[in-house]
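Each of the next two complexes has chain A plus one other chain: chain B in the first, chain C in the second.
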Partner chain A sequence: MSFETQQKELRDLCAALLRDGAVESVIGFGERSDSCCVCPPIAAKREKDAGKLAWNSRCVPNLAPYLPLRGKTAIVAKPCDARAVVNLIVERQIPRESVRIIGMDCAGMTGADGNPLRACAECGERRAPVADDIIANEISSRRELEDTRGEYSAKRFKDEMKKCILCFSCRQACYGCYCQTCFADRVLPNWQPAEPGFGAKMTYHLGRAMHLAGRCVECGACENACASGVDVRYIIRGVTEFIEKEYGFRAGIDIEASPVMQSCSMDDRNVGFWGGDERE
Partner chain B sequence: MSRSDSISRDDLTRLLDVLGRDMRIAGPVKEGRTVDYGISSPDGLLMDDSVSYKSPKEFYFPQAERLMAFGGGTAEEEPASEPFLIFGVRPCDLEGLRILREIFLSGGYSDPFFRRRMENNFIIGLGCVERKEGCFCDKLGIDMRFSDFCDIMLEPDGESYHVEHLSGRGRAALAAVPQTAGVSCGVGRAATAPPPALYLDENADEQRLFGVIDWEEAAFPCRGCGICTFICPTCHCFEFKDSGRDGVISRYRCWDSCMYPRFTLHASGHNPRSARHERYRQRVLHKYLYVRKNTGYTACVGCGRCVRHCPAGMNIKDVAESVMEASR
Partner chain C sequence: MEDRVVWKRAPVIIAFLCNWCSYAGADLAGTSRQQYPPSVRVIRVPCSGRVNPIYIIKALADGADGVMVSGCHPGDCHYLAGNMYARRRFAVLKKLLEISGMEPDRVHFTWVSASEGTRFAEVVRDVTDKVRALGPNALADGGSRYEL
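== the complex of A and B ==
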């Protein structure tokens, strides 16, 4: 099995879905325009458009933010895309019946240089946890997962912030950043000083990390979007690991789940403002 | 020392050392996994064929520039900052600066902040050896090896550089350093490139171009992140922000982006470009039509940065080409 056979299966399936009217459109990846580009997201609306759908190692963007489109929509989903769609359903952003998840078995995507993307090198998900269709691929050579986490320290955070130019691309690429007006864009109150200094960057990145608590699916769209090479995902991962440890919750795995930070259980350990168990 | 029009890398470093006594040196440096323009000693500069992910426009038009401060009944203009020596600027970026100069300094208003940076900064250009992936300067009539919009132009030739001075300051700088004083240059090399193949007719009717392609389909991948405008050598839109501390208000000029919905949001709540494809169309037509109508220049130099870094894989060259073809 290879990308080519998966691509053919995908095109056949989508052609049938569009022909039979099972879906009104398919969000997938188009052919890239240059070898340095990622495959651009496209919406296939007619049967013949299915032939334009691409599946290769440069299908990098997370497609979940392109939902919803009008009518029932199929989405070509890597495991991380599928998790993002599931969490959008869990958060009641899209109705379950409006979307058909085509799960693509995935061995990870690569950068323009052909090396695995950082998020992909650390990812062990090979199959969408929830899907309506599976385009299978036996991924035999199970790579040793890399751990590029490194240390969490104020110095490292400051070093990362030096690179940031506050363009907000990470937010725009993120499936979870769907607020109509981001707190960073608010005028009243204005959270962002005029100078793109450390304070402005810290407010934005820590604010965003907190807003993504229990919602990040580790797709790496933020760091892939960052032209400045900031390890955006590392900032959020501390929060993600905390949620996993304290609440046993991973976003986008269980479609019946309640959003972890929007629900409370009598069994929750008190890890709040008072320092949790240490208080007693 | 025999007269030649080439200098070695060591001589170049020596030249930078001497010039660096009076100016901060900025140039391409490795920052983690990326190449950026940074303040560096001559040894830290990349002198190879690598291209920075950002353009050098920030040395003329900073991302956030304090213009003035006021409070307590007085107002003061921000004093000029120490000039930069900007090393390793590619011909496309030099042409980008030429366009910015036209925009900021010609016409009814000449921007004093941009002007003093233009007067004080010193630029050493560096020709490209190879065309990088995503680059299309050739389609815009730009010679990837040479531009005369700088003080000194270097063209790599193996381990040394052909050198050309293109201003009085450039000539004086070369003469001031023993290692480069004997270099014979100023022989009048000019940029050579075929005429632009990618352009829109400057008399084109805007309303017609709104309909020649399906902009909604063309802009479908766009997430509106605006990174294309931040790293672009010719994008120049800005907004003003005031920020107060201890009774003193500082007025900043900050980069803005036509890709952001707030860019055109009126106080009334009305937004003339409320849809993302309308904002994308604005970016393409501003570069290829509106600046051309106003100044005669196409405000795209084919540096390929937006193509390489678009997180959604969009390619402005393809879109501009399809508009050009459809509007014929």
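== the complex of A and C ==
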């Protein structure tokens, strides 16, 4: 089985990195305590800890939010995690030289029931686009996907929002939500109504989607963290597709890129503007 | 026969106008006695780039029937590029609102310069007509806070 060979290779590599002092710590997945749990994140700091690193079909969490640790850190990264790390570097949140990306070839993670996770089923990425080391697997590089977007309607949005209990787990799990104070937690100005009604949920989810526009790496951490099974990612996914089509930008692919919403051009189209889409 | 839209009050449109062009344009529309509906509530902002997308989301969530944002034409921004950052932001926000099922005609972005009083009146007339055709904002559950 390919997971075992990858795991062995990963442990050997991390043991060597820690022994040589190339990195001070390795952020990776630990062994799970129960078959229904996800692998918890661990930081290996000594050579003997490298044997605790695990790689299996339940390495679900995105590890990028745990960066940066003190000193140079290696991170065990699925393709989505690696994109998240690259985007954090692009946004100047972590210096490039402080992190070593160990790219794991990934065929998708599974849920507790053994079925592929929703985000992984929709993901065509198999290898980290930017990585310092690659732990290879024989899986093909990219695969074709069927269209699972579904319809975009007010009813769908309202139905999803009905399930939301505003626990903000999606924000906590997201690599991109690193604001010191989230707009949803602000008291002045108070964006969120006290009553957890549709208005509060709409403000939170659309506001968060705006903040993640052009930054989402589609790791699915938000929907994996969601306790009530809200498809929180579908609106962000639509925006990600729009940005890719309109501005030719995908988050976390190019380490030299500048963030799409922090750049502008005279050649941009007036998409959706009053009076048409023409250039002025 | 399609449902007739019932209005029990005047539509409320929140307009974010940039200080340097569109606000002056609105001023010119007034001083040159251009006629436009009294549905807009103008909020003056330093630049269209100052308009946080959450302002627009919040306005809609709180029951505004429409939102319009207007700034200087691209290339004419008082802060050089503020309106071009805003352009990307608004294009994405409009797409986001479409995805979440908001009627596209509730939110409008446009460019009005300080000399375009006529254009400002035309925009307000057109936006008001479009919002009026859609009916009151039903996305906000609490109903409008702007009952008149």
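One rule holds in what follows: the second predicted complex is superposed on the first by the 264 of 280 C-alpha atoms of A that agree within 3 Å, B and C clash if a C-alpha of one lies under 4 Å from a C-alpha of the other, contacts with A are read in each partner's own complex, and residues count from 1 in each chain.
The rule we apply is simple: a residue touches a chain if its C-beta (ideal position, glycine included) is under 8 Å from a C-beta of that chain, and two chains touch if they have at least 3 such contacts.
Remember, predicted model here, so these are calculated numbers, not experimental data.
For the composite obtained by overlaying on chain A, chain B and chain C can both be accommodated side by side without a clash. In the superposed model, the vertex angle chain B-chain A-chain C (Cα centres) comes to 90 degrees (nearest 10).
By the touch criterion defined above, A:38 reaches chain B but does not reach chain C. Of the two partner chains placed by the overlay, only chain C lies in contact with A:183; chain B stays clear of it. Looking at the shared chain after the overlay, A:112 reaches chain B, while chain C stays out of its contact range. In the superposition on chain A, A:264 makes contact with chain C only, not with chain B. In the superposed pair of complexes, A:153 makes contact with chain C only, with no contact to chain B. Within the superposed three-chain model, A:199 lies in touch with chain C and out of touch with chain B [touch as defined at top].
In the superposed model, A:224 lies in contact with chain B only, and not with chain C. Measuring only between alpha carbons, the smallest separation of chain B from chain C in this overlay is 9 Å. Annotation: chain A residues 193 touch chain B in one complex and chain C in the other. Residue ranges on chain A touching chain B, taken from their complex, read 30, 32-43, 58, 60-61, 65-66, 112, 163, 165, 167-169, 171-173, 185, 193-196, 221, 224-225, 227-229. For chain C in complex with chain A, the residues that touch the partner chain are 53-54, 57-58, 60-62, 68, 73-75, 81, 84-85, 87-102, 104, 108-111, 123, 126-127, 139-142.
The residues of chain A lying in touch with chain C in their complex are 152-158, 183, 191, 193, 197-200, 202-203, 205-207, 209-210, 213-214, 234-235, 238-239, 242-243, 246-247, 260-266, 268-275, 280. Looking at the complex, you find that chain B touches chain A at residues 31-34, 36, 53-54, 63-64, 132-134, 220-221, 223-227, 230-231, 241-243, 250, 252, 254, 257, 262, 304-305, 307-315, 317-318.
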